[in-house]
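Heads up, the next two complexes both have chain A, just with different partners, chain B and then chain C.
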Partner chain A sequence: MLILQAERDALLKPLLAVTGIVERRHTLPILSNVLIEKKGGEVGFLATDLEIQITTASPEALPGEDFRLTTSAKKFADILRAMPAASTVTLEKDDGRLTLKAGKSRFNLQTLPADDFPLLSANGAATAAFRLAQKDLKRLLSQVQYAMAVQDIRYYLNGLLLQTDGDTVRLVSTDGHRLALASAKLDAALPRAEVILPRKTILELYKLLADSDDGIDIELLASQVRFSFGSTVIISKVVDGKFPDFNRVIPLDNDKIFLIDRVTLLQALQRAAILANEKFRGVRLVVAPGRMSILCTNSEQEEAEEELEIAYQGGALEIGFNINYLLDVLTNVPAETLQLAFGDANRSALFTIPDNPDFKYIVMPMRI
Partner chain B sequence: MSRPAPRRIAHLDMDAFYASVELLRYPELRGLPVVIGGRDAAPRQLPDGRLRFARLRDYVGRGVVTTSTYEARALGVFSAMGMMKAAQLAPDAILLPADFDAYRHYSRLFKAAVAAFTPRIQDRGIDEIYIDLSDLPDESADIAARIKRAVREATGLSCSICVAPNKLLAKIGSELDKPDGLTLLTEADIPLRIWPLPVGKVNGIGPKASEKLAALGVHTVGELARTAPEVLQAHFGRSYAAWLAEVAQGIDERPLVVHSEPKSMSRETTFERDLHPRLDRPALSAAFTALCRRVADDLARKGYVGHTVGVKLRYDDFRTLTRDLTLPSPTADATEIRRAATECVRRVPLQRRLRLLGVRVSGLAPAASVAPAPLQGELPFDDAPGARPSNGLGQGGRSGALDEAAARR
Partner chain C sequence: MDQLVLNLTPEPLPAFDSFVAERNREVVTALIDPQAERFLYLWGEPGSGKSHLLQAWIAHAEALGRASIYLDARVDRLPEFAREASFIAVDHVDELHPDDQITLFSIYNSLKEAGEGRLLMAGRRPPMALALRDDLRTRIGWGLVFEVKPLSDDDKLAALARHAESRQLAIPDDVFRYLLTHWRRDLASLVDMIDLLDRYSLALRRPITVPLVKNILQTTSSPS
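Right after this comes the complex of A and B.
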């Protein structure tokens, strides 16, 4: 029975928006499937890994009967992707099998009952809700997401703290070695609320956000967060845990302070990094009045040295860092000039944007 | 060009090893069917000083037979059989608990005795080794007899040895004349002594492959040797088919692996009864911690650290799951292993009861080879509020408020 006829892209685009979270291997076979549901003219796509659920809809209304089915997300996406872009795809469903036809191609796929598909339902009233332009949220995320921990045993670091307070929304991430903080002012009066969003949710959200002025609605629920933008809705569980108090690690009395051109420093570090130790990635910064040297050596005793002029007249300092931690912040912060503030060789360094309290990056040194 | 002299590889297999060690301790049980297995079957001392041994018929539980004496095997009781089933076959058999410390002790003794002959030894487990005799001047039969004598003098136990051109034949051969056997096999013996054997006697042809072969009408090694390679390839993978064809001819070029670095160390336990993740949480948690400690002890004793910590869970429906986590730096520390293992368990569904729990550390490196790494400072989240951020480097490693918070969970 014919259930749907559509241009390839009308199916593929929304499908790819939801299938990023589908796990390759899962104990529950149906979770490798995507739920496709046609209601009225709208064809909806839904995928979940039980932690996150993404739904979206085809951009235009499509004719045909209503239906619900689930089939392998990966195979369905791979088939559509392999079709010529302009092809017209028809879907037929008979006895639990899904047949996809396009031109002279024909694919017969298994389905699993749509009623067995586990759905996350958003529950509880929102403790805080606000709206941002997608591009603003995207910019905020880009400034902090690189500092999230990866598979850390301190599970609550494998994510990002989202905090609301009055007119401020704050995002904080840390892997215990460095911490990035970015905030934005809203025209709103928000309650004090905070959640930890899982790493996977953040990476997926970042991929799906557009560089546009279109809004995204964010609702903090009891143990979930819901993001709604365009026809896409992401419901994510939040990480149950206590995020460390980031205020405690913001250094207040670092007195070796200078401004530096971001791109100049980034390029110098990128060159030096070629000879940084492959495993430990150490870099030594030697700060003296008027100049800063950047030194890298690798396990073969090869050496790189860069020298930059800086407007600085304070005391001398030699301090080591993981060079990746420096490259991360320099790559992701959209500012021409950065302010660097150091204490001593054992204390954290603070990176800020001059005259802008909305961004902070704190990085602990490495004893090399 | 002359052909190189054929290798002389011996396989030495201790006879009914665990059971024989127990008989050394309890000589009065000699000649009786004895079954090793279970946990609480230790003999009790009677008031008159005699020992009272548990009988298999009294066993209640779900243990499996670890091993049995030849007398018990004659009654049909073999390793890995459920003990309740074994009790039906041999209700009067004596039941003893396994004492792995003792078995490891005797294992070290017999291996040390063999090492006096040659260092060319491949460890194949607690009770068997391969020995490369190629470079020794003596006749095979003579040297094998001397090794058997040395093992008996060192341990009081008997073993079976086969000397053959390769590991495959030596392994098969040591079974042919058990117990206390001495077998010599050459290529010329293959048709008469190897081909009549069932294919399952070949190390590497398991029950599944045997079944598939039987379906093809192939029951013996000889029949396997006469099976066309195309037929084997059609039913087995290409490399397995090629291997089957080779072993049927007694061909095996594998060298002895004289020194092997362990790849992982693990400990696991099957619970007396299936434990519920929530209701039996204290018991599970204690068992979990104990496993981590034992793995940490193993690592420390053998001088290794490992990068990856994994867990293995078997549910009451026998489904088995594993999960692992790679740490930023290698460890042999029980607390760190426990913490990482907890993290792994977080990633598995815990709706069903658990039958088995295991902890494994892999990605091993000798502890001494791990150079002191540059020390990355930790953000001082644990400082008192308002205090001046202090030197996060001074604390050394990863101990901080963050970890304590994780440990509290």
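Right after this comes the complex of A and C.
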């Protein structure tokens, strides 16, 4: 029985938007499937890993009967991707089998009953809800997401703190070695609320956000967060835990302060990084009146040295860092000039944007 | 090359909640009871939790909004302004400087005369065995005296698990058992070791496991 006929891209684009979260292996076989549901003219796609659920719809109305089915997300996407771009795809369903035809190609896929597909339902009323332009949220995320921990035993670090407070939305991430904080002002009066969003949710959300002025609605629910933008809805569980008080790690008395051109420093570090130790990634910064030297050595005793002129007249300092932590912030912060503030070789350094309280990056040194 | 870590976890304040009280329930009851004797003395072996109880008592007093002060005779001389407080805890009275013994005796007397305020002291020996001025020693003995019983191994395991939980750390139980048999046995050292493991695991990005503990015990000073 013919159930659907559409251009390849009308199916592939929404399909790829939801299948990023599908795990390769899962104890529940149906979770490697995608739920495809046609209601009226709209074809909806839904995938979940039980922690996150993403739904989206085909961009335009499609003719045909209503139906619901689930089939392997990966195989379905792989087949569509391998088709010529403008080809017309037809779907037929018979006795639990899904047949996909395009031109002279024919694929027969297994399905599992749509009623068995586990759905996350949004629970409770929102404790805080607000709207941002997609590009603004994307920019905020890019400023902090690189500092999230990966598979740390402190599960609350494997994510990102989202905090609302009055007219401010704040995002904070840390892996214990460095901490990044970005905030934005809203034209709203929000209650004080905070949640920790799982790492996977953040990475997926970041991928799906467009560089556009279109809005995204963000709702903090009881133990869940919902993001709605365009026809896409992401519901994610939140990390159960208490995020550390980030204010106590922001150094306030660092007295060795200077401004530096971001790109100049980034390029110098990128060159020096070529000869940084592959395992430890150490870099030494030697700060003196008027100049800063960047020194890297590797296990083969090779050396890189860069020197930058800086407008600085304070005391001298030699301090080590993991060079990747410096490259991360310099790559992801869209500012021409950064302010660097150091204390001593054992204390954290603070990176900020001059005259802009909305971004902070704190990085702990490395003893070299 | 050592990566230093951000100090994300504040030191937990000692509280009665985090005191494993199975065998010392009556001590905690007496410390919290507002009708109880105003002069108390706790004695017991090192590591039995006396200092923890004193600090928890101070935190309790502060929660009640009372002016309080914790004094450690091992660390500092007793300041004259201590008598301004109404909840006064004096730790390690065995080690009081002779001049401080006079100060403490005088604090005792002024609290006694004032008819309010409380004094909680702790030392290693029962009052009569304290090597202090006679007048002070007898006064210590006049109040309510408790022996703080040392923790059993199960108590220590429970205390360590609770400490790890307060730091939101997932640590398998075999790590605690390993520490109990391979590291110093007093709770303070064990708790410090958990904090050290926390920092190591964060710096090295490794989970806290028995192999990691073995590694660290080898490089840390051997048990004294």
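The rule is simple: the second predicted complex is superposed on the first by the 368 of 368 C-alpha atoms of A that agree within 3 Å, B and C clash if a C-alpha of one lies under 4 Å from a C-alpha of the other, contacts with A are read in each partner's own complex, and residues count from 1 in each chain.
Here is the rule we go by: a contact is a pair of C-beta atoms (placed from the backbone, for glycine too) under 8 Å apart; a residue touches a chain by one contact, two chains touch by 3 or more.
These numbers were taken from a predicted model, which means no experiment stands behind them.
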Clash-or-fit label for the pair chain B, chain C on chain A: clash
Superposed model, chain A: greater residue contact from chain B or chain C: B
Touched partner set for A:Gln134, first chain B, second chain C, both or neither: neither
Touched partner set for A:Gln143, first chain B, second chain C, both or neither: neither
Touched partner set for A:Ser58, first chain B, second chain C, both or neither: neither
Which superposed partner A:Ser348 touches (first chain B, second chain C, both, neither): both
Which superposed partner A:His177 touches (first chain B, second chain C, both, neither): both
First (chain B), second (chain C), both or neither touched by A:Gly241: both
Partner chain(s) touched by A:Thr27 [first = chain B, second = chain C, both, neither]: first
Steric overlap of chain B with chain C in the superposed model, located at which of 260-268, 314-322 or 368-376: 368-376
Chain B and chain C contact sites that coincide on chain A, given as residue numbers: 153-156, 174, 176-179, 241-242, 244-245, 248-249, 277, 280, 282, 320, 322, 346, 348, 362, 364-368
In the complex, chain A residues that touch chain B: 27, 151, 153-157, 174, 176-179, 241-242, 244-245, 247-253, 277, 279-280, 282, 320, 322, 346-348, 362, 364-368
Complex contacts: residues of chain C adjacent to chain A: 1-10, 168-171, 201-203, 205, 207-208
Complex contacts: residues of chain B adjacent to chain A: 321, 325-327, 339-340, 342-343, 346, 349, 373-381, 383, 385, 388-394, 398, 400-403, 405-406, 409
Chain A residues within the chain C interface of the complex: 152-156, 174-179, 241-242, 244-245, 248-249, 277, 280, 282, 320, 322, 346, 348, 362, 364-368
